[in-house]
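Consider the two complexes below, in which subunit A is the common component and subunit B and subunit C are the respective partners.
Take a look at the complex of A and B:
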């Protein structure tokens, strides 16, 4: 026991003095008291070791009563406080106003009575005014925490889409979506998640379009979360997805407000996480990861061509190395003689089995990709040159890998980069490796079995309770107008089935019976 | 009852599950079997078999209409009592289990014969078991979507199959009816076996959303399969000479051997690998029906995956102990063939007659 006590004491050295700790443990009263000085001492005992807390005592000129303004120096905008709050309170002469209503040059002003609200308000960058003989406080909206400028999206650049991307402030992100969809039916439900992080999460949807069942599933999953904090959208997505053991992403994560607004108008639900520069879109289907905002901005033939390229790229990214390995190691008879000769010539000096050769190249490539990502942009590019050209060329000349293998690995890498969604592209890169292993052992049969497992998985998978494979499985040919090929805009009159929207036709008011708005 | 409503399948899925059940390993050998018994007139037997099948399947739908919210198991339990109901459930479970075992083993034998002659048989079986387990453990909906999806992505096989017919001679089919009707009627037996699979309607009917279209659906499914059998058979008959065709065990695969592209040779290897998908639409519904029956038996609807694991372990252990061969497999197939004919063609008739008679008596009692 003695040992433990000693341990505790040493641990406490790093903590604030015991006295203040004890005081903090006394439970806070729910409501504030009438006396300002009592309230201020309560604030001081409550916010210990918070040097950025500013408490300014004063006498209000409008009413002549004692008061105190409390805010966090880093979170609140001091200019706004000085110019609009303090100026009005301190220098405005007494008016014939007896209604005890304070006149402040600020639009956004609330009142609160509980300590809980006060604490939240201070942490959100608001300033709180305690007034003598008042059982409520005034909360002025004076946020001034650091914010990033709205800029182009880094991860999803586009040619024709808008050049603004989401930033780290939830309210701004919501505003950007609202600018695309100024509609009374755009509803926002808010929730606070995280015992410590208290992350504000907003769910945006069109009340007369989004399926209420899907919305309910999403809300329930968010409410049931029991975590410390939500770091960003990816964390939230992983916490609420249907099958965490699936390699496939089950929510679309985007940085683009126009894409998010488009998805809302199609009947999907967007979840905005405060402090995160991307939003979560669900329910997602497999094919929705192959769509991009530029598909709608450019003319339909070009868009369709690029979209078809993406699906071809999907097959290349997943199957090309495994097919090559299968052919070389087990089904050499499939290749015509001329081609066989050139492959044989290239593989002549390579002492390794095709699988090892492929793994060596693939892993080199993945390492290069990741290291290029972690370095600052100017150096990152040179890494690509060093890796791609120097290592590839040298490896071929040294006889470690064959020329054809380098071509195949490079093709595969390019193909996986064409997938517009980063998560889907990464998922395909992961799926490729087990495919290569089964292909080297069982040849084409292994690839078929691997593909069968993939198909079975993606057919059974659901995103927020809606089928992930739609419109491929369950098959819906009428929806294929916007899957492999994008038909002209005039023909795209229906919303996708996979969103389970309650109004099937776009731009028409035709609520179905299931609409419980 | 609730399980049926929650897992509705569409009419198209109903059609394609039945069609998938009918088209499997058998198609590869069908032209040879027909040629052996009926010569080049074998294609007529397909049409005769189709007529019989359509009649039988319409009777099945008529029977199932009497109890639209349950499968045949509930129907039997209601009419003959619980004990016989259990017995029928066991028999159906054994029947479907036997069929799926035969197909899984035959599929692995095919893979071993054509694609991976060096790989050990149990390993190949294990390869087939893994995806089967992953898909069948879910509900009928996933399975129906799977069958539907595979049907559409397999259509290319059919187009490629027609490439060799540019060297075909329709003269090979003549003269029609050269040996009279008798051999044609004898060959109907093997065509009936090809159509086996539509008896799954006994179990699929309650899941169907548009029940009023069930009769249409099953007829479409049979017709689709019939057209496929017919085209495959006629193509093979006109491609090979009448004497040549019986020399190949699987003439359909041998037809693919002729095709050669600039970038690919030995297309039959690609075809056979891909055919695993087509065979899987036969094997997976059968496996599902097996565990559907067994979980009905234990009264727990959510135990599909557990029963599947038991089933697959037993099968795997059996295969480890013995080494199955094509001959043994064909023997088994021959043994179960008569049972299949009974279940698919005679059982519906008996049930229908029984229900009709019962209905008559009930009406008399009322008056």
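Take a look at the complex of A and C:
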């Protein structure tokens, strides 16, 4: 690592400093001037090569003063500007009104005095009105940038959960969460991150529940960020996570407003990134990645069964190929004879050692998965058929892999897809490969050591300064009510310890059975 | 972080030093022995046989059998290696066949030393005595190409569940050899016109074959050992009634007994051991070849069955005493209750048992006589 650091340092010497290009241009002054024409020329010098900038000069009927309206044609809604702003400014004559106040048919209207605010307002789709002899401008909220319809979440479909997923507009996403939690204690802290991207980031939490220390950690990490832009939630998550060298995701990224609202109510903190159709939830614990909104929508026995399946699937996804390799190459004694005979029969034609065979199939599977994902939906399906039938069947027929290996790989793939969180599922797929290597060298001992290293890492890991393994690694038995088995709702009265919520109880005195207490 | 990675490297190094895992051998490079046979040739040379499965689809046979002349199992393995393509591996041996010619010589058990010494050997292999030359069984090829080792293993297991033979694994044999209060008993097969199970071979505690029990005697032995499984079926059980018929055995009944309770009590007086064996047998009548008024004469019927059963048990015990062996394991009772006296005769337990008195009494409960009168 030290070597790379030195290398980077020497490289930086030859690179010109980033800010030098900016220095050649005269910076925007802080405050605006009284003259409209001066202001307009200032706008034109700074918004160069911006053909979508519209500057409309006019005389306001209400006060008789010269003015100019500035907005971006693609970002602002021109219908709103025409109908409610221009109409009232140009044609409504109100002789009584001699004050500074302008009357427009818009509810949301702000005043600003600095160029910085004006620049931000224009880029956010607002229209800015410069008025002669005013050192302040009027900002009308007229956004009209392209927006997507709220639809079902693509990545996390559910049976019982709400059928709305987050969209790319931060304010809409916050509104969706607010609909689930109409509470005065739902606080939103805003920050802007990225020198160029200027992404609006909103931190949502329940003031009387979320732990202030955790909040402080999150806020500090976001504030200290010095980047060009935040492309989406994943980028932010990677920038502020505790251990970037861990294969495990340390934040839950979700597309579901109902799940986000549930996590807020449990004491977690949700970070909404504007322009990104998902939100970041922290602090996350390992077990929270195995929870799904449907667990709470269906009855507890069914939910528990499915949740147990997920934990079984976790072990299958991580260990099955490595156990197969270990057994075939080192411990054939543990296989029942009849199975051994059929494995032997199918292995006989395979020219590769078990590890290579497994790697070949696993990589084929990953390639298929990724290519299916990148292709448009109709072609993606045919890739599945090509992969599943042609490659699976033909590879066995040709004697490249054995039947059993195909079954193992298929099981592993299915098992990794049952994990409700995409990031966790992908992480498990990655962990599988080193496991396969140690299994082929050291057999069961290797798998055990591999698992021990995983557990060691898992225990040491933190998310926003809270233990990642909770409630398994600092053991909290009382919280296991919502870990492997989802107990009946009436018994789930406490918030998880892993969120370090300041209010532990979230429900009380529910009848234990029907109308009996 | 740096310290942690150092610790990790140390661990990695230590792992590579671990024994037992270094020998990586994929399945297809292995010659899995499924059956091991030991026999004596006419000029008293040890001959070892080995059967392993053949996976190749081009081969017509599902298994191949190899024989070598060798001095021990270990020696034989090295010689097998020169004849087969893969490394010979004994971890999946299902059955071990021993020719009766070998069994006739005491101390053959020392041949098995490597099996117990080598941790990779399977101790669940069934040990079977073969009446007749081993070669005829080892090269036995059934028409439907079934793997013989698997066939033999299931033959032993299912017959043990029907109480037709004992189920002596390598592990159990080890106990029976080294336990002084019991003598070994192993399954016995024979290859006549067809391969079949004949019952149980009884060995003395040096391992020498002294007697064989047929299938119905084995059932009685299993009852005395308290090792019977589920129902014990008695057939061709003729009762003393005058209803002789030349062609059909019209004095026969068949019945099955389940939940048999065997109680063995031991005593020591007049310088010898006394054993009192009480057997309580609930029976279900399955077949009666003669007319009989059961509702009137049930007591009489029971008495006839009891007398006959007692006689059979007594005959069995007489044989055991005459051969100076103890397959029942009565020595274990003697050791438990009369330790001092047993300790004196421990090394000659068979002789001591031959001089002791053994009483058997059978009590029969007629649970059901079937659907018809």
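To be clear about the criterion, the second predicted complex is superposed on the first by the 482 of 517 C-alpha atoms of A that agree within 3 Å, B and C clash if a C-alpha of one lies under 4 Å from a C-alpha of the other, contacts with A are read in each partner's own complex, and residues count from 1 in each chain.
As a working rule, a residue touches a chain if its C-beta (ideal position, glycine included) is under 8 Å from a C-beta of that chain, and two chains touch if they have at least 3 such contacts.
No experiment lies behind these values; they were computed from the predicted model shown.
When both complexes are superposed on subunit A, subunit B and subunit C end up clashing with one another.
Of the two partner chains, subunit B is the only one that A:475 touches; subunit C does not reach it.
In the superposition on chain A, contact of A:341 is made with subunit C only, not with subunit B. Look at A:490: by the touch rule set out above, it reaches neither subunit B nor subunit C. Within the superposed three-chain model, A:333 lies in touch with subunit B and with subunit C [touch as defined at top]. Of the two partner chains, subunit B is the only one that A:455 touches; subunit C does not reach it. In the superposition on chain A, no contact is made by A:374 with either subunit B or subunit C.
In the superposition on chain A, A:445 makes contact with both subunit B and subunit C. Residue contacts after overlaying the shared chain place A:196 against neither subunit B nor subunit C. On subunit A, the surface touched by subunit B in one complex and the surface touched by subunit C in the other have residues 330, 333, 442-443, 445-446, 449, 453 in common. Here subunit C touches subunit A in the complex through residues 8, 11, 15, 18, 21, 23-28, 30, 32, 34, 53, 55-57, 89, 91-92, 94, 120, 122, 147, 150, going by the rule given at the top.
Put simply, subunit A touches subunit B in their complex at residues 330-331, 333-336, 339, 442-449, 452-453, 455-457, 459-460, 467, 469, 472-475. Of all residues in subunit B, only 10, 12-13, 111, 115-116, 119, 124, 127-128, 130-131, 134-135, 138, 142, 145-146, 148-150, 152, 260, 262-266, 269-270, 273-274, 276-277, 280 touch subunit A in the complex they form. Subunit A contributes residues 328-330, 332-333, 337-338, 340-341, 343-345, 347-350, 353-354, 440-443, 445-446, 449, 453 to its touches with subunit C in the complex.
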